[in-house]
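Below, chain A partners chain B and then partners chain C, in two separate complexes.
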Partner chain A sequence: MISIFGSSLISLAFLLTITSLGLNLWYLKSKDSRVYVAGRNAMISACLLTFSAGGTLVYALYNSDLSLTYVNKYSSVFTPTIYKISGFWAGMEGSLLFWVFILSIFAIIVLYQNRNKYVSLMPWVTIVIAIVMSFFLFICLAFENPFAPVDGPIKMGSGLNPLLQHWAMLLHPPMLYLGFIGFTIPYAYAIAAMATQQLDASWIRLTRRWSLFTWMLLSIAVVMGGKWAYMELGWGGYWAWDPVENASLFPWLTGTAYIHSVIIQEKKNMLVRWNMILIMLTFTLTIFGTYLTRSGIVSSIHAFAATDLSIWFFGFVMFLVSLNIGLLIYRHKDLNSQNQLDSFASREAGFVFNNMIFVAMMLVVLWGTLYPVMTEALRGVQIRLGPTWFNQKLIPFGLVLLALTGIAPLLAWRKTSINSIKRNFSLPIVLSFITGIITFSLGIRKVYPLITIILIGFVLSTILLEFYRGTKARLKSSGENIFNVFITIMDKNRSRYGGYIVHIGILMMFLGFTGKAFDQEADVSLSPENNTVELAEYSFELKEYWQESPNSHPKKRQNHKAEITSIDIYKNGAFYTNLKPERRIYIDQNSQPHSEVALKTTLNKDIYIILGSLDLKTGMATLKIRLNNLVSWVWLGTLVLIFGTLIALLPNRKLDE
Partner chain B sequence: MNKFIYLFLIASLFCVEFKSQRQYQLEQQLHAPCCWGGVIAEHDSPIANGIKLIIKNIISDEFDKNKINNTLLQVYNKNVLDYSNKFIKQNMTDEEIINFFVGIEGEKIRALPENKGLGWVAWKLPTFILFLSILMGIIIINRFRALPKEINQNKKNISFEKVDDEMKKMGF
Partner chain C sequence: MPKAKFIIAILALSLIGFGWMVIGFETEEVPFISVSDLIEHHESYTQEKFRLGGNVLDGSIKYSEDKLDLFFELKQGEATLSVKHHSAAVPDLFKDGTQVIVEGVYKNGVFVADNLMTKCASRYEEESNYESKSSQTI
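Up next, the complex of A and B:
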């Protein structure tokens, strides 16, 4: 019953999306406002039906309706409720419906917000959204229907993969999808602007918040994926340059370039063509990333199982590329910029170089990701590039970007005089030099970490200098107290100061990345007879070991049993903390084992323990112990990045008026 | 095989120390043959752990060929011993160690390409892209510098006016 109901909702949504597409195209020819309204209503109805289809699948998962194949594959009667819900995006079929589910929410917001506005743009916006929605609904309907009934006798369900049973996995996929799908909206406006020849900065202003919000969500998603990998995969790192990880990075890199370069178009009416290229590239890369993770063209432990969808996604990517190139050629003359740039020593030039490096980084990541496809085509064997290659090749790009983050804000618009350069750069250069000396004297000799910390010192001093100058100028003119002045300058220019806060977040993340160069790892074995090991300033002592099962702990161990060790940790002889790494056996996943990381986090260092094996008879436990440096700064930097973006997102009364 | 590798691992654990930088770097340069889904440093599968142990023994100051052969036997099979006897020696370079595993598992195990053929392109292309991007930046800025000053400032609000006009015509 639920199978027929869910499938019908998807079918109807697909039909209404096609109808809306047709009506909007007809409106463009007829200019009959009734046709436009009908097209808009058809789209809203399609979105509501898609939303209902998503709700129906959640209902089926929540109630463990095992009459559906999808529920059988990604849930079971033993699965904890919260992970039953996250089953929505755990498998291919559900995740495709989830994609279109989120797009339908975005589409409703856009259509409602602009129900009586921008009638020249909105039909085109609706057409673009309808094309994307109809593609995904078609895929759901024809190939990957999450409402397909179970074939054969109904069982207990296979349960969710243990790796996906983690809080970060509750957030990472939805954030990633929100980030990916969110770029559909600025892309739709860009295409509308191209189609209607409204190529000034209007479409950029209309989509400024969408773009920034989407970028923030994508940033959170990328970091959240890292957090999940850090906690669940048990190898001690958070980024392995896996093809699926890289797929989330492609649109993030071009999207970051885009949110920087639109500032130039908004303020100077420049980079018109470039912004168009960037948003087209960003959106196309979201679809390409989806293709990469679902086609099986490159092997990844994170990818969905390879299916026949590859040709369809490839076709859709090619369609988008052709459409984008076609439009760019067709509107070539209209995309010329309207203002001159005076000097290389200008903020505009800084933004141009920033953009070039971001796009270059994306190309390098793309090259590294697709290298196995090249080697397979040319040599018949897939040779994947490991993290060492990516780190070696991308660190210089990252350092150039870091330097530009400090340099660009110190440059004036149009042209910076020599005196101004001397005045603005002297103090940050001196401060970065002092940072370098301190770092060196602390014993840090590795080249890249040293350069990174020097650059962090430089960029941080430029940002603080900007805050200081703004506050000082206002203090002189207003006579208010310093706190009020600080709030006022932030309030008056939210996007600028919000941006600076985002940059502080990025600096914190870079600091976290440098810690990786100093991580340490040891494999140890502890037993009741030989219960202590010493590593650096820490000593690890096996206190106890035991087993817990669904019978002994029905709430905590609903779908698994666990072998647990209790390790007391002493730092320089004094008790420091206790950690309990455990090894789980999931009963609903064919007794699949999974190690749960035990972690003690501080700003300086993480103690990270993984239980490899535990012999319950003898108490012999093998453990991997890692001392990971500065990892917390990556997560804290992300929080600062979110805070800064939210400040930049707050409505600017002056601009809105 | 799992049990044997755990036993070997445990045997090697009596002397507890952090993994050497060299060991860590070598583990980053070989893909795990269990699933080819990442480098062996990131994997705890029996074969990945076995390879880690072989590397540890090869680069150890207390080089013991019998110990290495025993581990090789547990991880692979008898056929690999002849091959090992030809290649395994004291003071092997990183490249020799990598090539030893390439001889067993094939090119697929390399996580860093060789600096020849397509591998050469893999190494050089990023540097080329970096310089190209800087060159592109210079070209773009130069083109903007060549433009006449403020071509058409009046164009700025045309679209909104056009939209407003159209809205009025439509009766919104």
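Up next, the complex of A and C:
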């Protein structure tokens, strides 16, 4: 019953999307405003139907309606409610519906906001959204219908993979999808601008907030994926250059380039073509990333088991690529910028270099990710490039980028005089040297971390100097107190100071990355007879071990039993903390075991323990103990990044008044 | 500034970037080969590290006394290979019959894996990308 209902909703939504596409094209020819309104209403109805289809699936998951194959695969009656709902995006079929679900929300917002505005752009915007939406709805219908009924007798349901039962996994996929799909909107406007030849910066202004907001969500998603890997995969790190992780990074890298380079077009009317290329690239990479992770062409042992789905996906990516290239060629004359670069020592040039590096980094990641596919095609053997390769290639790029973060905003527009360079850079350079000397005297001898910290010192001092100068100038002229002045200057130029705050967040993350070089790890086996082990200044003592089950702890252990060890940790001989790593056996998952990380986090260090195995008879426990340095800075930096973006996103008061 | 100068600068930088990308990665290459290929032809490869896939032979899982060394037979087609892996925490999904991927070096007939990953069971094909990892170093 629910199967037919859900499938009908998707089918109707698909038909209405196609209808809207047709009506909008007709409007472009007939210019009859009734046709435009009809087209818009068809689109809004399609969105509402998609929305209802999503709601229906959530309803089925919530009620554990096991007559659907999808519910069977990703949920069970034992699954905790919140993870029943997250089953929506846990599997292929659901996540594709989830994709359209989000896009339909965005589409409704865009259509509603601009219902009486930008009459020339909107039909094209609707057309682009309709194309993307109909593609995903078609995939849902033809290959991956989440409403497919169970074939044969109804079973108990497999439940959600315990690896996915984690808060970061609740939030990571929705964030990632929001971050991916959000780029559809600026892309749609870009295509509309191309189609209507309105290639000034107005489409960029219109989509500024969309782009920034989307970029922020994508940033959160990338980090949250790392957080999840850190907490759930249990190998102690947060980034392994896995194809799935890389897929989320491609559009992030080009998207970051984009949100920088649009500033140049807005202010200087330059980089018109480049911005167009960047948004096209970013959007296409979101689809490509989805294709990469969903088709499994990279990670699968049996690569190129070309399913119908992957052919369609590949076809869609190719369609987008040809559309983009076609439009770029067709409109090449209109894309010429009015202004040109005057000097390499200008802010414009700084932004251009920043962009080149972002795109280069994307190409490196892309190259490394597709290397197995390429070598298989050319040499007949899949060759993977390990994380070492990625780090080795990308760290230098990252460091140059870091330096530019400090340099570019201090350069003047058009051309920077030697005097201004001296004035702006001498103090930061001195401060960065001092940072370097302090770091060196603290015993940091590794090259990359040392350079990173020197650069962090440099960039931080340039940013603080900017804040200081802004405040000082106003303090003189206004006579207000310092706090008010500080708020006022931020308020006057939210995107600029918001951007600086984002940069501070990035600096904190870079600091976090340096910690990696100093991590320590030990694989140990402890038992009541041999209960202590030392690592660096810490000693770890196996105190107790026991088991908990759904019977003994019905609330906490609803769907699993757990073997638990209690470890006392001493720092330099004094008691420091106690951690209880546990190993769970999920009852609804064919007794799949799962290790829960026990973590003691401080700004300086994470003590990270995984219980590998526990023999309840002898009390012998194997533990992986890691001392991970500065990891918290990555998470904290992300919070600062969010804060900064939100400031930049606040409506500009001047414009609103 | 003349446009040509700018274009030359961009091209030069791109070239450096591209050069940097494509040079010297042979040492980081990890060929994904079959077990029989490794046993018969490992000497013909220039790389030291290999990546292998296969299934854990039923009943072959053994641990050292302190449970920190894992031994098992990797079966792919007809070929089998002894694998050794040092870790306190093997991936959660590791058990008899599981599909695994190992990375490591081949020494005296034993494959010493520094990285052991499990392919998730087929019903999690979508999540197979989220391979469980152990002993991975960056």
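By definition in this document, the second predicted complex is superposed on the first by the 645 of 657 C-alpha atoms of A that agree within 3 Å, B and C clash if a C-alpha of one lies under 4 Å from a C-alpha of the other, contacts with A are read in each partner's own complex, and residues count from 1 in each chain.
In the analysis below, a contact is a pair of C-beta atoms (placed from the backbone, for glycine too) under 8 Å apart; a residue touches a chain by one contact, two chains touch by 3 or more.
The structure presented is a predicted model; accordingly, all values stated were derived computationally and were not measured.
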- Query: Here chain A is shared; do chain B and chain C fit on it together or clash?
  - Reply: clash
- Touching partner for A:92 - first (chain B), second (chain C), both, neither: second
- Look at A:198 in the shared chain and tell me whether it touches chain B only, chain C only, both, or neither; answer first, second, both or neither. first
- Message: After the superposition on A, what does A:45 contact: first (chain B), second (chain C), both or neither?
- Response: neither
- Item | Partner chain(s) touched by A:119 [first = chain B, second = chain C, both, neither] | first
- Would you sort A:163 into first (chain B), second (chain C), both or neither based on which partner it touches? second
- Pick one for A:547: touches chain B only (first), chain C only (second), both, or neither. neither
- Looking at the overlay, what does A:558 touch: chain B (first), chain C (second), both, or neither? neither
- Task: Go through the superposed model and pick first if A:33 touches only chain B, second if only chain C, both, or neither.
- Result: first
- chain A positions touched by chain B in one structure and by chain C in the second: 233-235, 237, 240, 242, 299-301, 340-344, 352-353, 356, 360, 363-364, 367, 381-389, 393, 396, 523-525, 595, 610, 612-613, 620, 622, 624
- In the complex formed with chain C, which residues of chain A make contact? 73, 90-92, 95, 158, 161-164, 233-237, 239-244, 293-294, 296, 299-301, 340-344, 352-353, 356, 360, 363-364, 367, 372, 381-389, 391-393, 396, 516, 523-525, 592-595, 610-613, 620, 622-624
- Touching chain A in the complex, chain B uses residues 6, 9-10, 12-14, 16-19, 24-25, 28-29, 31, 35-39, 41-44, 106-108, 110-113, 118, 122, 125-127, 129-130, 132-134, 136-138, 140-141, 144-145, 147-153, 155-160, 162-163, 166-167, 170-172
- Message: For a test of understanding, state which residues of chain C touch chain A in their complex under the given definition.
- Response: 1, 3, 6, 9-10, 13-14, 17, 20-22, 25, 28-33, 47, 49, 51, 53, 66-68, 86-93, 99, 101, 103, 119-120, 123-138
- chain B partner contacts - residues on chain A that touch it in the complex: 33, 116-121, 193, 198-203, 233-235, 237, 240, 242, 269-270, 274, 299-301, 337-344, 348-349, 352-353, 355-357, 359-360, 363-364, 367-368, 371, 374-375, 378-379, 381-389, 393-394, 396-397, 400, 520-525, 533-536, 595, 610, 612-613, 620, 622, 624
